[in-house]
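The same chain A turns up in both complexes below, where it pairs with chain B and then with chain C.
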Partner chain A sequence: MLEVLEALFLILTAVMIIYIIRHYIFTFAVLRRTKSKTTLDSAPSPKLEHSSIVTVLIPARDEEKVIGRLLQRMTELTYPKEKMQVIVINDASSDETGNIAEEYSRRYSFIEVLHRDKIIGGKGKSAAMNSGFQHSRGEIIICFDADYYPQKDILEKLVREFADRQVGAVQGRVVVLNEPENIVTRLVALERIGGYRVDQEARGNLGLIAQFGGTVGGFRRDVLESLGGWDESILAEDTDLTFRVYLAGYKLRYVGDAECYEEAVDNLKAYWTQRYRWALGHMDCCYRHSVNVFLSKNLRTKEKLDGLLLLNVYFMPLIALLAFVVGVFLIFFGSSFIVGVLWFSVPVSFYSFVGNFAPFFEVSIGAHLDGRTRTQWLVPLLIFTFLFNVPICMKAFLNLLASKILRRDHNVWVKTRHLGNGNRYIGN
Partner chain B sequence: MHRLEVEFNRVLSLFFLEIIALCSVASLLKINVESAVVLFIFDFLFVSLAFQLTKALSVKLGLLALGNVVGLFCNFVFYSLNVVGVEYFGEVFGVFYTISYPLLNMMWMVTFWSLSLAILPKTQNMKTKVKS
Partner chain C sequence: MIPNLTQTILILVLGTPLLILIVFLPALIELRKPKDCGPRMILGKMPEFYVQPRVVAIANIEEEIKFDYSLLPRLLKVIEVLPSLEI
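Moving on to the complex of A and B:
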């Protein structure tokens, strides 16, 4: 019995150590890149031509507090308006979202509103996006969530990457707008820093799987058409599209200087709801794509390995918890030397559960590179994200398991509410 | 003046290196192997990652030496607690100590890591305000 448990413990800790090493490599790569930036920056960037017509899709459901802010920003973007089409998909809103969007549509010809009533609407973001996509005419499709606030030249930064025909999709950087609000928003900010400043940046630099985050990114129209648009049967439509793009033989380019500011969740209940949706959707993606990634002829070995690690990332809190329980049992009932040594990897993992797994050293370095000294002080509190993510991932895993066994639909889209608190952080 | 400064930094760096070496030896000989492993992990992360950030080598070595002293002190406290605990409560305390030992070590390590990076100068790419 003890031998079996010891073998299980060795496997679990080996998985955790692989993830820790992976993120150590990411952190190291970003630091090396930052050091040699002057040399790399001298490389010519793709030439921007304002010839592409760009459609911006904005799905909005009950977003009256934030939609005006984003639409106003759309009018301030530096991309030529005659080459822009902005489609607001008013997805069965019961507040003033539709009216606010209509008001902008009357004033600006490039803004259009698509109303989805309560019969056809309210079925999740993917359905809304597909509906908007059907009405789009752009060669490039860019998506923004309603609570986002982009830089003025963000479209130029994102669109220029499509000069490379291999690039099927792009992803910009997400920065938390309402970071100073409370401890939850500050921890989410740390999560975003680890995820974008280090993780996405490193994956891009190392030629691994950069991830589409569902917003602040976009696709080449023909690629999106060939993929059949957004899959309405999955909650993590962004991760699903990421892998479908790669499996189809295209690349996804991360553009770190294309920044967009988001209104992060500001309370634990909203955090739970959002992360539960992400965890469930991500695990579902793992179930759907793991074999395809492994067998794909369009992916290189390192991309396959990174893709599989990325797909399994939401299982990590459960693996760490299991390793902890088994480890404690083994220590109580007499453990071998190797268990004692590997026991050290367990607490390191406890400090790694922000976003798509980001150990404390990765988050700290990211915060440092961003110049966020005070936020950095909160890194020791990352242990609480572990305590919070364990039940979230456990619930998601059990629900997914039940839905697969009972063949029951688990995809109930619970929307994140935005209160417009980010408005006060936007200075003119 | 400049040469004097360089020499001073060199002596300072050597002094810090000596402290780091002493901490490692002391943890290995006077505490236990685990404490030496913890210090090694901390040193490895700090040297390979934080040393790539911009700041004088002597300052980074100073921070590393301080981290080693803090680590040695914490491990000494944990170890003393273990000795006393086992004496009073028996071997069960030793088991709890083995379980909680890496967790306790992570606390000082993560805290020191984040605070020491806050001391190093900021990079130009600040993301504290909304960029237009």
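Moving on to the complex of A and C:
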């Protein structure tokens, strides 16, 4: 029995060490590239082509506090309006979302509103996006969630990447707007810094699997059509599309200078709901795509390896917890010397590398690269969000397991409520 | 097996609070007197908007201006009516 536990402990530790190495590689890759970029930042952008018609899809359900802000921003974008089509998908809203969108639609010809009533609507973001996609005419489809607030030239930055025919999708950077609100928003902002400034950037630079985040990104129309649009049976439709794009032989490009504000969740209950949906959906993607990724002829070896590690990332809190429990048992009830040595690496790796969106040292480096040294002081508090994510991932895993065994639907979309508290941080 | 149980417990009892204090002290300082609560300013081709750095601890913050965008359509309707009030 003891030997079995020791073997298990060694396997779990090996998995964690693989992730540690992966994230250290990411961090050094970004640091190295940042150091070597000399005149690139000051060089003029390549000539941006405005020939592509772009459709912006904005799914919105009960977003009256924020939809007006985003639509106003759409009118301020520098992309030619005659080449833009903005479609607001009013998905069975019970507030003024539809009326606000209609008002903008009356004033601006490039803004359209698609209303979904309570019978056909309210079935999740994927269904809403597919509905909007059917009415789109753009060659490039860009997605924004209703609580987002993009740069004025974000469409140019995203669209120009499609000049490369191999690029099937793009993803921009997300920055938390309501960061000063409270400690929850400040910690979420830190997660975003690590996840985008380092993790996504590194995966893009190293030619690995960059991830579509569901918003501030987009697709080539013909690619989306060939993939059949958004899969309405899965909660993490963004992760699912990411892997379907890669498996179809296209690439997803991360565009770090295409930035957009978001309103982060500002309380633990909303955090739980949102992250539970992400964990469950992501684990479901792992179940659906792992074998395909492993066997794909369209992916290079390093892409396959990174893809598998990415698919399994939401299992890491569970693996770390299991390793911790087994390690404690072994240290008290007899173990070999090597397990005793490795036991000390568990708390180190438990703290230093595990995090839902980026390990803690990635977050620190990301904050440093953003010039936000002082905000690095909050990094130790991320241990609490990590600990909070352990039961989230545990519940997601058990629900997914039960749904697969019992063949029941687990995809109930519980949307994040946005209160518009990011407005106070924008000034003209 | 732990070689010296007493020593281990002593280290844990004394060392753990010290370790916690060392690890979390910077975070507590930043939360108490924040110097960078964001949000990070993002720029486009030109500085398109100014993001107010907000220090939570400032005591003399008066009314915070909040614009409720859901009022915008109603405000526009009011503005439309105004010219017709001219004599």
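Things worth noting here:
Everything that follows uses one rule, which is that the second predicted complex is superposed on the first by the 408 of 428 C-alpha atoms of A that agree within 3 Å, B and C clash if a C-alpha of one lies under 4 Å from a C-alpha of the other, contacts with A are read in each partner's own complex, and residues count from 1 in each chain.
By our rule, a residue touches a chain if its C-beta (ideal position, glycine included) is under 8 Å from a C-beta of that chain, and two chains touch if they have at least 3 such contacts.
Since we're looking at a predicted model, the values are computed, not measured.
In the model built by aligning both structures on chain A, chain B clashes with chain C.
In the superposed pair of complexes, A:35 makes contact with chain B only, with no contact to chain C.
Of the two partner chains placed around the shared chain by superposition, chain B and chain C are both touched by A:332.
Touch criterion not met for A:271: it reaches neither chain B nor chain C. In the superposed model, A:368 lies in contact with chain B only, and not with chain C.
Once chain A of one complex is fitted onto chain A of the other, the partner contacts of A:380 extend to both chain B and chain C. Looking at the shared chain after the overlay, A:103 reaches chain C, while chain B stays out of its contact range.
Of the two partner chains, neither chain B nor chain C is touched by A:314. Using the contact criterion defined above for the overlaid structures, shared-chain residue A:424 touches chain C, although it does not reach chain B.
In the superposition on chain A, A:162 contacts neither chain B nor chain C.
In the overlay built on chain A, none of the stretches 44-52, 62-70 or 80-88 of chain B clash with chain C except 80-88.
Touched by chain B in one complex and by chain C in the other are residues 151-152, 175, 177, 259, 261, 331-332, 370, 372-374, 377-380, 425-427 of chain A.
By the touch rule above, chain C contacts chain A in their complex via residues 1-2, 23-24, 26-27, 29-31, 34-40, 42-45, 48-52, 54, 56, 64-70, 72-73, 76.
Of all residues in chain A, only 64-69, 72, 78, 96, 99-100, 103-104, 107, 151-154, 175-180, 183, 186, 189, 259-261, 331-334, 370, 372-375, 377-381, 420, 423-428 touch chain C in the complex they form.
Listed in rising order, the residues of chain A touching chain B in the complex are 27-28, 31-32, 34-35, 149, 151-152, 175, 177, 193, 259, 261, 327-328, 331-332, 340-341, 343-344, 346-348, 350-351, 360-361, 364-365, 367-374, 376-380, 382, 425-427.
Those residues of chain B that touch chain A in the shared complex are 34, 37-38, 41, 45, 48-50, 52-53, 95, 98-99, 102-103, 105-107, 110-111, 113-115, 117-118, 120, 122-132.
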